[in-house]
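There are structures below to look over.
What follows is chain A paired twice: with chain B in the first complex and chain C in the second.
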Partner chain A sequence: MLNYKSSINETKKYSEINMSEFEPVVKINLRGKKRDFITKIGKSLSIIIPTEPNTSSSNENLNILWLSPDEWMLYTNEKVHKLENNYNLEEKLFSEISKVNLGSVTNVSDHWSIINIRGKNTYELLSSGCPFNFNKFKNTKGAVTQTILNHVDVIIHNKDINEINLFVRRSFSKHLWSWMNDSARFL
Partner chain B sequence: MNKNLRITNNKFIDQTSRISFKFDGKTLYGFKGDTLASALLANNIHLVGRSFKYHRPRGIMACGSEEPNAIVQVGNDASMTEPNTRATEIELYEGLEASSQNCWPSVNFDIGAINNFFSPLIPAAFYYKTFMWPANFWKLYEYFIRKSAGLGKSPTKPDKDIYDHRYLHCDVLIVGGGISGIIAAKTAAKNNLNTVLIDDKNILGGTTLFQENECFKINNSYSNEWLKKEIETLNSLKNLTIKTRTSVAAYHSYNYILARENLTDHLDLNEKKDKIRQRLWKIRAKKVIIATGAIERPLIFNNNDRPGIILSSSIKKYIDYYGVKCGQKISLFTNNDSAYETAISLSNSGVSVNSVVDIRDKTNSLIVKQAEKLGIKIHWKSTVVNTNGYKRINSIEIMKLSDDSSAVVGKKIKEECDCLGMSGGWTPRVHLFTQSGGKLKFREEDNVFLPDKSNLEQISIGSCNGDFELYEVIKNSASSTNKFLNVKNIDYENLEIISSKEMDKKNIWLLPSDKPLGKTKPFLDFQNDSTANDVKLALREGFKSIEHVKRYTTTGMATDQGKLSNMHALGIISETAGVKMGELGTTTFRPPYTPLTFGTIVGRNVGEFFDIIRKTPIHDWHLENKAEFENVGQWKRAWYYPKENESMYDAVQRESKAARDSAGILDASTLGKIDIQGTDASEFLNRVYTNAWSKLEIGKCRYGLMLNEDGMVYDDGVTARLSENHYIMTTTTGGAANVMTKLEDYLQTEWPELDVYLTSVTDHYATISVCGPNSKKIVSKVIPDLDLSDSNFPHMSFKNAKIDKIKCRVMRISFTGEHSYEINIQSSYGKSVWEKCFEAGKEFNITPYGTEAMHLLRAEKGFIIAGQDTDGTITPVDLQMNWIISKKKYDFIGKRSLYRSDTIREDRKQLVGILTEDPKEVLEEGAQIVADTNKKPIEMLGHITSSYFSPNLKKSIALAVVKNGKKLKGKKMFVPMENKTINITITDTIFLDKENKRLNA
Partner chain C sequence: MFLINCPYCGERDQSEFSAGGEAHIVRPKQPTELSDDQWAEFLFMRKNIKGIQFERWNHAHGCRKWFNIVRDTRNDKIHAVYKMGEKPPIK
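Right, the complex of A and B next:
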C-alpha cells in the first residue's frame, strides 16, 4: 500500500490564532471562455460560477474561486479519504468539459496545500508579510485574493469572519508554514 | 545627579523612579522619561563627543532628530552595539551603556584634537587635493586615511535582536503628533475615515505640550492645557490608530510610506528579551497629511560649536519638559522672537538669564514686552562675535552691529555664561514632502522653503507649511484639513486665541566678526565640521551648483543630512554668488529621514528566512539519506549522496557508474510541468517549439526546443500527448515559471484566437526517474500490471497506470541515455513510491543519484542543459541541432531571427565535444580555448561549458562552444591555464552510445 503524506500535517495555536493544514482536499483548476462552459459547470455542480473578480461561490460541498476572467479553482469542503483518492469529481468534469472542448479541467489537488487560519489575529499575521489591503476583504465573506505572503504566491479565500483558507504551492508550503509559525509567536 | 540642575515642579518626568546608566564607563542617574541627553545635562555633562575632522569638543545641541553633535555609541556587546545614535532620541532605561565617539583615548583627552591646531592647513577638499600625488602612493595613504575615517564602531557579530515588518493600509495618514497633527487626526477620525497618526516621540503633543505662557492662550487656558484635553478626546475615537515612537523614514510615490517603530529600545535590558526591537511599517495611505513641524536654526558666528551652545528652543524643552537646566547662567542669542519664550521659561523656573543678544534694531511684540517686564536684559542690534571655553563655554563676546549689519562696531562686551542659547529662526521640515516628489517654493520674507506643488494626495499643515504663529497654525490646519478631506469639522472655529505675533524679522546668514573671516571658525555643518569659510572657498574655486558645493565641502552629508546646516549653506552661497535663494534651489532630500538600522530594513528575512526554499515531496528521504543539496532556482535539489568519508568527486563517480552498470534513481520532481488543453493545443506547440507536433501520436513523447524571439535557445523539455487535444509539457527546473508566464502572455496578447488553456501542475506531481539496464525489472516489480515490453512501451512513449489505487503516468524518456522510466504520481504519494522503487531495486544495487551525477551522465551522451551549455547567445544551429528546426512550419517563436545575417554566420560559436590529450586531465568550466598560444594578443576562440571525468568512459570529457567549431572536428587546440597549457582535441558532442542502443535496449 502507498502511504499518503501531506506536506505539513500539523496544527498550531498561538495567541488568538489557530493554523492547521486542511488536507487532503480535491482541487480542480477550471479554464474556459465559452458561455456553455459556464452554464455546464453551474448545472453539473449546482453552483454559480462567480464572474465578479476576486469573489467566490459555495454550496454545501464545494467552493469555486474566481482566479481570472477564464480561470477558476474548485475545491471541496470536506476532506477526501486518503488512500482511496477520489477521482469522481475530476472524471465527471473532464468528460463534461475537456472531452467536448468546452474548456480545460485539471486536477491540482496536490499542486496546492491549504492552510486554514482562524482567530482574531488572522489578519495581523497576514499583515506581517502581505502587502494586500485586507480592510474590505476581511468583512466580505467569500472574497478571494491572489497575492504574496512573505514573497510566496498565495490564494486567500475568506471563509468566515476571521477565518481564511490559504492556498500555497506545495513545494513552498513548508517554508511558508515555518515563517507563519515564526511570525505568529510575536502576535 | 546634580540637584541644582533639576527643577521639581515638572509634570513629564517621573522623579520618583530613578534609573542608573553608564556614560563613558561612569555610572550616572536619571529619571524615567529622560532621554540620554536630558539625563547627561542634568548631570552637568555637556561634552559628549568630538567632531569628525578637527576633533573639537562638542556637546548636546538640540533635543530631537536634528541633533548633529551628541551622537553616541550605544552598548558594548559585539553583536548589539550601535554607532551614531542621537543622545537626544535615546530614551533612558535601566542598564543603558553609552559612550562618546570619534575620540581616543577619551572624550576629555583626545589625541586627534591636534587636527584643530592644524585646521588652517586642512581646508575643504584637503584629502582630494593632497593625496593625489604621487599616484602610486595612494595605497599607502589609503591605509592611514581609512583608519581615521568613519564615526563610531560597527558591531562585529551578527545582530541578536529581532526585527519585523508590517503592512498597513489607511484612508488618512498623519505624520507628526503636534498641535496640527492632532487637529487633523481628530477631524479625520471623527468623519469615519480610517486614520493613523504617527509621531517619533514617546508622547503626542509636540512643543505645545509644554507651552505654558501667558502669550499663548486658547479659550482662556494655556495652550498646553487646551491641547491636553484635545489629546484626551483622541482616545475615544474608534477609527484612529496612534503610533508613538514611530518615525517616518521614507515617503515614496503613490503615498507609500516607510516608518520605523521602536518597540523595545526604551525598555530596561531585562524587559527587551525575546521581543521585537524595531518594526518597519509599510504604509499605503489614500491621503497623507504632513505635520512635521519646523527645526530651529542655529546662528553662524565665530566658535559657535562649543559644548554649552544649544538651540534656544531645546533649552526651553529641557527646562519645561524634562525639568533640566542647561546651565546656571544662560545667555541667549537670537534674530527672532523664539528666544524670548525660552527666556521667560527659564526665568519662571528660577534660572538667571544674563541677557538676550538680538540682532534686530528693536521690536515690540507681546512676548518681548513680557520678557522685558521680567527684567531680562536685551542687547539690541548686537551680535556675538566670539565664544570662549574649550570643553564648555564660559563667556561670550558681544558687539554692536553697524547700520548696514555688514560689520561690528563699538566696544566689545564680555559676558560670562555657562550656556548659550541660539535661535536663527525656523526651517519647515519639508523633507518628506520633497522625498515624495513635491516641489518647493521660497518665501523671501522669512527665508523659508515651503511645500508647493505635489502630484500626490497630500498636504502639509502647521509649521512645516510655514505657519509659525499659534492662531495661524490652528486656523489653517483646521481649514486645510477640512478642505483636503472634504469634510466639515467645526470644532476649531470660533476659538478665542491669544498669540504673540512676531513683528520684525531680520536674518544674517553669516554674522560679522571683529576678526577677518579666515581667522574665525563659524561652523555650518557641525557633524562634518565644515565652516562658512569652506563654502566660500568652494565658491572661489569655481563650484557654483549647490550640489557641487555640498559634495566638495561635505556640508549636509553627515548622518543628520544637514538638518541644521543646509539653509545656511544655501544662504551663504546665494549671498556670495549674488543669486536669489529661490533660484538656487535646494539639495535633494533623500530617505531615510533619520538613519535606519539594517535590522529594520531586513526584518525577519534573516537566517532560514533569507530566501524562499522549495522542497520536493521526497525531500525528507534525501535528508534521511544524508544528501548534500544544491540550490536550483529556489529549489533544494539532492546534489549527491556521500557515503561515509566520501568526497563529492568520489560520490558522483560512484553514482554515475551505478546508473549505467545497474540502476539509478533520481528525484526529478522539480521539472516544470504544464497541462495544455484545447482544440488548438497542437498548433500552439507548433508555434512555441521549433519542431513539428501535429503528427505526434497519442501516447507518445517528443523533445522540444523553445527559442526566444531573438532565435536563441530559451528552454527545452519533453512533451507528451495525452489525447487529441491534451498535452503535458515539461520545462527546465529554473525556467518553469518564466516559460509559463511567457506562454500565457503569448496566448493572451499574440494569439488570442487559439483555443488553448494552460495550467501549471509542477507541484501536483512527484517525478521519480529510474534508469539503468535493470530499470525495467525494478519498475515491473513496482507496477506489475504494466506491460513494459519494448514493443508495447518503446522509448519516447508513456502509459497510464495505477499503483495500488492511485493513478500515475509512466514515461519512458531519458536524460541520461540509459533505458529509463519516469513515474509521475500525485505528490502526496511521491515519497512512498520512491521508497517502493528503492526497495524493489535493492537486489540490483539501485543507487540514488543527485543532480551532479545527472549532469555527468547527460554530458556523456552529449545532451545539453539550457542555461549551462547555452547562455542566451546560442541558436539551435549553433548546438548542431539543425534536425530539430522544422523547415515546413509557417512560423514559430524565433524563426525569423534564425535567418538574420548574424545568426547564419558560419563562424559563430558552436557546440563541440572536447577530449584532453591526457585522459586524466579534467578541464575547468569557463576555461578559454585557443588555437595559437604565440599569437599576441591571444585569440580566444571559445570556452568550456561542461566538464567531467567520466567513470564509464574512464576519461575526461567536456562540452564547449568554439568559433566555427562544426568544421574543426579532430583539430588540436589548447586550453591555457595559470600554470600550464592543456592540449585538447575537438570532437563530436556524443561520447557514449552514439547508436542509442542503451536507450532502446
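Right, the complex of A and C next:
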C-alpha cells in the first residue's frame, strides 16, 4: 500500500447518513474471456464469478463485482497494513492466471478509494448527483453499478440494505468527499 | 436527454455514454491503391441525415463497451440496439 495521506480521515455523520473511508483493502482487477479463466478463479478463491450483469458475489473474505462482460473487480474485507507491500492474493492469482495466459490480473489497490455510506438517506445523497435509477438497485443486495456521481466515475456496490461501498479513483476522492459532505448537509 | 438501453448493462442515462459517429463504415482493403479523394471520403465524410441513422456508441462511464444503435435524429427515438459485429436488425 502506498504511504499516502488520505483526504478522508474521519467519519462524518449527518441526518440518517454516516460516511467514512473503508480502510485500505486489496483491490484486484481481473480481465479474461475464456471459460477456463472463470472456472480457475472460482476454484482457486472458492467464489463464483458473477456472469449476470450488475451483480456480485461474496464470501467471508472476498467480494467480486461484475464490471463488464470480461472484467471483474475483486476486493477483500480484510484491511491491509498501510506500510506493507505484500499482496499474497495478487501473487497467487498472477501465477495462476497471468503466467499461463488465461487472462490478466492487475493490482489496483492504490488506484481506488472506497467510501462506505450507510443510513436511510444513502440513496437520497446519491440521487442528488447521479443519473442512475436506484429504485431496483436499492432492494437488491449485492447489486453493482458503474455510473457517474457529480461528474466523477464511480462504482457502487450494494453491501446491505441502506449500506453501500462507493469506489472512486483516489485522485478524485478528495473532491467527491467534499461534495458529498456539502450535499449531505441539506438532506 | 434520453435513455439508452446498453446491451450489456441495461437502461442508463445518455450522459454515461459517448457517441462514436456513423456505424458500418468499411475500411478499404488496399488503402495504398486509393486516390487521395477516395481516402478522404473514407476518413472524413459522414452522413448527417435528418431521420433514421446508424450510429456507434460507447458506454464510457459504465462497462466501456462499444455497440451500435439505430436512432432517429429528429426525435432521438431509439429503434434498435445491437452489439458490435451483429447485423442491423432493421434496414
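Some notes on this structure:
FYI, the second predicted complex is superposed on the first by the 178 of 187 C-alpha atoms of A that agree within 3 Å, B and C clash if a C-alpha of one lies under 4 Å from a C-alpha of the other, contacts with A are read in each partner's own complex, and residues count from 1 in each chain.
One rule holds in what follows: a residue touches a chain if its C-beta (ideal position, glycine included) is under 8 Å from a C-beta of that chain, and two chains touch if they have at least 3 such contacts.
None of these values were measured; they are calculated from a predicted model.
In the superposition on chain A, A:W179 makes contact with chain B only, while chain C stays out of contact range. Once chain A of one complex is fitted onto chain A of the other, the partner contacts of A:N162 are absent, as it touches neither chain B nor chain C. Residue contacts after overlaying the shared chain place A:I148 against chain C, while chain B stays out of touching range. Of the two partner chains, neither chain B nor chain C is touched by A:N18. Legend: residue contacts after superposition of the two complexes on their common chain; A:L67 is shown touching chain C, with no touch to chain B.
When the two structures are aligned on the shared chain, A:N116 is found in touch with neither chain B nor chain C.
With both structures placed on the common chain, the touch criterion links A:P53 to chain C but leaves chain B unconnected. Contacts of A:T76 after superposition on the shared chain: neither chain B nor chain C is touched. Which of chain B and chain C touches more residues of chain A: that partner is B. In the superposition on the C-alpha atoms of chain A, the part of chain A touched by chain B in one complex and by chain C in the other spans residues 131-133. Only residues 1-7, 23-24, 29, 31-32, 70, 83-85, 87, 98, 101, 103-112, 127-135, 150-152, 169-172, 174-175, 178-179, 182-183, 186 of chain A touch chain B when the two sit together in their complex. Within the complex, the chain C residues that touch chain A are 8-13, 15-16, 61-65. Residues 53-54, 67-69, 71, 131-133, 145-148, 153 of chain A are the ones touching chain C in the complex.
On the chain B side of its complex with chain A, the touching residues are 162, 164-169, 194, 275-276, 282, 284, 604, 608-609, 612-617, 635, 670, 675, 677-679, 725-726, 755, 757-765, 803-807, 826-833, 836.
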